[in-house]
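There are structures below to look over.
Okay, so chain A shows up in both of these, paired with chain B first and chain C after.
Up next is the complex of A and B:
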């Protein structure tokens, strides 16, 4: 008996360590993270394989997309989410719209992340006068109403997807810089930072090798949230007509069109609207899950 | 005394107190105020004093982790306080520090191997394979399994972490180690293990220690000489034996009377100090200790006692000793 028991235990542990078991355990531990990741993954697939997933090219107009009296055609077998007021397939346009949303969301966040992290690190680590200058600059950037600030910049640069992306990224680093600075202030008091100085590490090395990995968790969470809000912002700009221009579809300009025809063709509003909600929700869930998982103390071996 | 390794003279660190909108300096906290001593090669100098007396600030000023306000620190005859950045970088190989809190002193994102390799990377020493073998031998030397190299700090106990901290300090083969309360955060049983490790390492690598502590029995165990600090100033400095058998400064006497004796039959007169440590921003006139001194006389309130050699090798700053 006493000999056979450890043997059974061993088979159980071997099973426990199998890959599939680990994945299931992890999904059960962080279900929201996986749901968020799944949505984001689906969004990426839509954007990358849009020509394969969409039924028609986004700009193609169909004669039978309009009803006899010239109204947008409601959903049927040919147009599964209906057609818009010039006879284009809404489903195909929503799929193509994910390209704009994802590109703008991710790359504008990357720009803000870069600017915000570098400025926040310098500000928090050096402190004093440098800190004051950078933080007053941050206050200034944050003091402007963001959407109007972006509108002004895009108006100067001429409306296009690239300029929207650039404007959101270059103006949106304020919160990022503040969060990074706050994290640096908390982390730099730890003695391992002193230890790094004692061995003669340079300030840059301390900032980017010792400090950065330790503040990465909250920063990544904020970045994921930021992708979501930047997607909304892009839609907002496109809705106002200074973002992505027709006939290129963006969820924002589709919602703008849909609002005008909401009385008789609600699918034109619902399809891009729901897509937007799901995409933003996906990034927010991902952000929330990342916060749990990015702490090494939470990882069970 | 053997050859001097490090000599500190008139070391001061005054932190400015800033007030108001214009951030004007309205005063100074005199954390370290004119401390001077020498430590011989292979010697252990214990530094004791209560919280806030400037022990840690002193240790960090010597390493220039905090820039001292004035004074000199000579390491093998060279003043390190006016070294250029590049020279200071080389000097850092000679002197390292072990911190008090083993939980805060290791980067939680670095594996043990990364923590121990970092000094070698910063100083561009050795290639990758040599670094790794050095990491393993260091781990072995401080009593840890070399296979732990790929683990993270949170997987270790306090005592094990402190051993990693000691190994990190040894990576660059320093001559001087500043031990900033290295055992204060550990269990008593682990304390003695770490202390014995420190003693063994001292013999093996001919290390010189500046051992900062508030626990007198620990200091007695490891030190050759003891320096007592009070309010950033030196109160007494002597051989460990003379300090413990024949303390001259009333503050030292009070400290010693607080050490528990592991014998229930021994009764001893305890000297209880009244009041709190005065603020180092506004130290008392005369002797800094007179506000709490049980034997203070009129002269103590008026004149700062000079630092004098009361007996052979036994220095004290007290009018009455």
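Up next is the complex of A and C:
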């Protein structure tokens, strides 16, 4: 007994060391992926636990948030990132703002992903006339100036978080469809797909069981990039006033407030802007990292 | 190649038709009644009805579409509800400002992106490459309107070197162009870097090396010309997009271009103007894509379209 105890201890530490070593090696190899994942995780934590992390409710207006002459209060102990022009805590609003960004970014991408993947699969797999129709439709959607198109649709539906999310998702599937179609064209002549066809698998089964898992990688890279660009798009719409409306904080509408006051209250620009950059950077890093793992011939690795 | 161009033109016509239908559907879905907007708050029902009749809004939808297309082929985009001016005239009056801004942004992107692309390709996997690439990734994540405001704060307000928005001559063009240039250049840089690295691995570069060509000659005379092909493609699609109006830049710098025209029209439910600007910008994008595909054939003789 007295001999075996240190022996087991030793094997455990050896295993532990090898595990830690593997993690360390993996982080060294793909630093962008881990940094991106960390940022995205932090964003999720902020969004989910916003009431616990924020100091105050986002809509609460403080008398002492304004200075004697009625201007926003600069950062101090109570308002660590300053107050806005109606005396609300900028820090709390930035934390709550992560909810809008994350929700719109993720769910609009999910809508685009669904439409784009299905149309791309059908287009690439069946080819011929169906392919032609779907691709011309894709060209048409891609030709529209995306922001103006979204603005028009949101204006029609009335500005709200839900409608922004819907408009971005429903109009933004063009690139996704093209990429999926391209991947399907590359993969569908492989032997395993022909084998599936030979044993009598239905078209739908081939598309969703044989093809889809094999084109998953590039689609995920694109989806991660898409979340980032949709977060920017949402903030852009809210910045223009055609998006999330006050008093609900979105980083975009906070920057729009900052536009009115930046000459005497620049902190109102800094906090939401930096939050926005970090969030988008997180998804871009994640996309780049995924690409490095998935694409063995990527020369930039 | 002729057959390729003809097929490509055919596809373009289909897309243009799709654009007109989609624009029409989108606009038709706007719930507010234009006749009421024109008539004003205190108009009687009869006046509203008359205006509606004059605008052809009481006809069935397909007839309205045919009317619309008929007018379109005569270059008539309708009359603005708000400005009471022909839409073509409104667009023309803003086009100059948009072209100016688009070219400024584009040149800034190229001037920043291409040198950095060559630089990072030559220094690949060295610390300077990592630093520049990391900065590029951050630049790509910057929202243009925020960067614009920050630049305006420091270089327009704190140090009043440039005007705080508006389009009045060359100095007012610098900040908006720089804003867009910084965020857009990252794409050019990454594109050029990866295509340079790919080209540098090819046999003809090794041959040039073997024949004793200097590094500078190899980069500038041999590698860059081939590596630029994807950059040219992206560049011509990019300028098409830029010409369709950079709303966020225009709104931030108070630049009176097409983007602002569309933005204001959307806020005021000025339907003919929304239709006109959306249609024009979509057509611009399609035409630039077509041009890119055709130019491509001449730039890169390896590509065959038969």
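Criterion: the second predicted complex is superposed on the first by the 275 of 301 C-alpha atoms of A that agree within 3 Å, B and C clash if a C-alpha of one lies under 4 Å from a C-alpha of the other, contacts with A are read in each partner's own complex, and residues count from 1 in each chain.
Just so we're on the same page, contacts are C-beta pairs under 8 Å (C-beta built on N, C-alpha and C of every residue); 3 or more make two chains touch, one makes a residue touch a chain.
Because the structure is predicted, anything quoted here is derived from the model rather than measured.
Asker: Just from the overlay, do chain B and chain C fit on chain A, or is there a clash?
Answerer: After superposition on chain A, chain B vs chain C: fit, no clash.
Asker: Look at the residues of chain A and decide whether chain B or chain C touches more of them.
Answerer: C
Asker: Between the C-alpha centres of chain B and chain C, what angle is opened at the C-alpha centre of chain A, expressed to the nearest 10°?
Answerer: Superposed on A, the angle at chain A reads 90 degrees.
Asker: For A:195, decide between first (touching chain B), second (touching chain C), both and neither.
Answerer: A:195 contacts chain B only, not chain C.
Asker: Contacts for A:86 in the overlay, against chain B (first) and chain C (second): which applies, first, second, both or neither?
Answerer: Neither partner.
Asker: A:255 contacts which: chain B (first), chain C (second), both, neither?
Answerer: Second partner only.
Asker: Minimum C-alpha distance between chain B and chain C after superposition, to be given in whole Å.
Answerer: 5
Asker: Quick check on the output: what are the common chain A residues between the chain B footprint and the chain C footprint?
Answerer: none
Asker: Which residues of chain B touch chain A in their complex?
Answerer: 60, 63, 65, 88-89, 92-93, 96-97, 99-101, 104-109, 118-119, 122-123, 152, 154, 165, 168, 171-172
Asker: Using the touch definition from the top, list the residues of chain C that touch chain A in their complex.
Answerer: Contact set of chain C toward chain A: 11, 14-15, 18-19, 22, 26-27, 29-31, 124, 133, 137-138, 140-143, 145-146, 149-150, 152-153, 157, 190, 193-194, 197-198, 201, 241, 244-245, 247-248, 251-252, 259, 262-263, 266-267, 269, 274, 277-278, 281-283, 285-286, 289.
Asker: Which chain A residues qualify as touching chain C in the complex?
Answerer: It is residues 136-137, 139-145, 147-149, 151-153, 155-156, 228, 232, 235-236, 239-242, 252, 255, 258-259, 262-263, 266, 269, 273, 276-277, 280-281, 284-285, 288, 298-300 of chain A that touch chain C.
Asker: Over in the complex, which chain A residues touch chain B? Could you list them?
Answerer: For chain A paired with chain B, touching residues are 190-192, 194-202, 205, 209-210, 213-214, 296-297.
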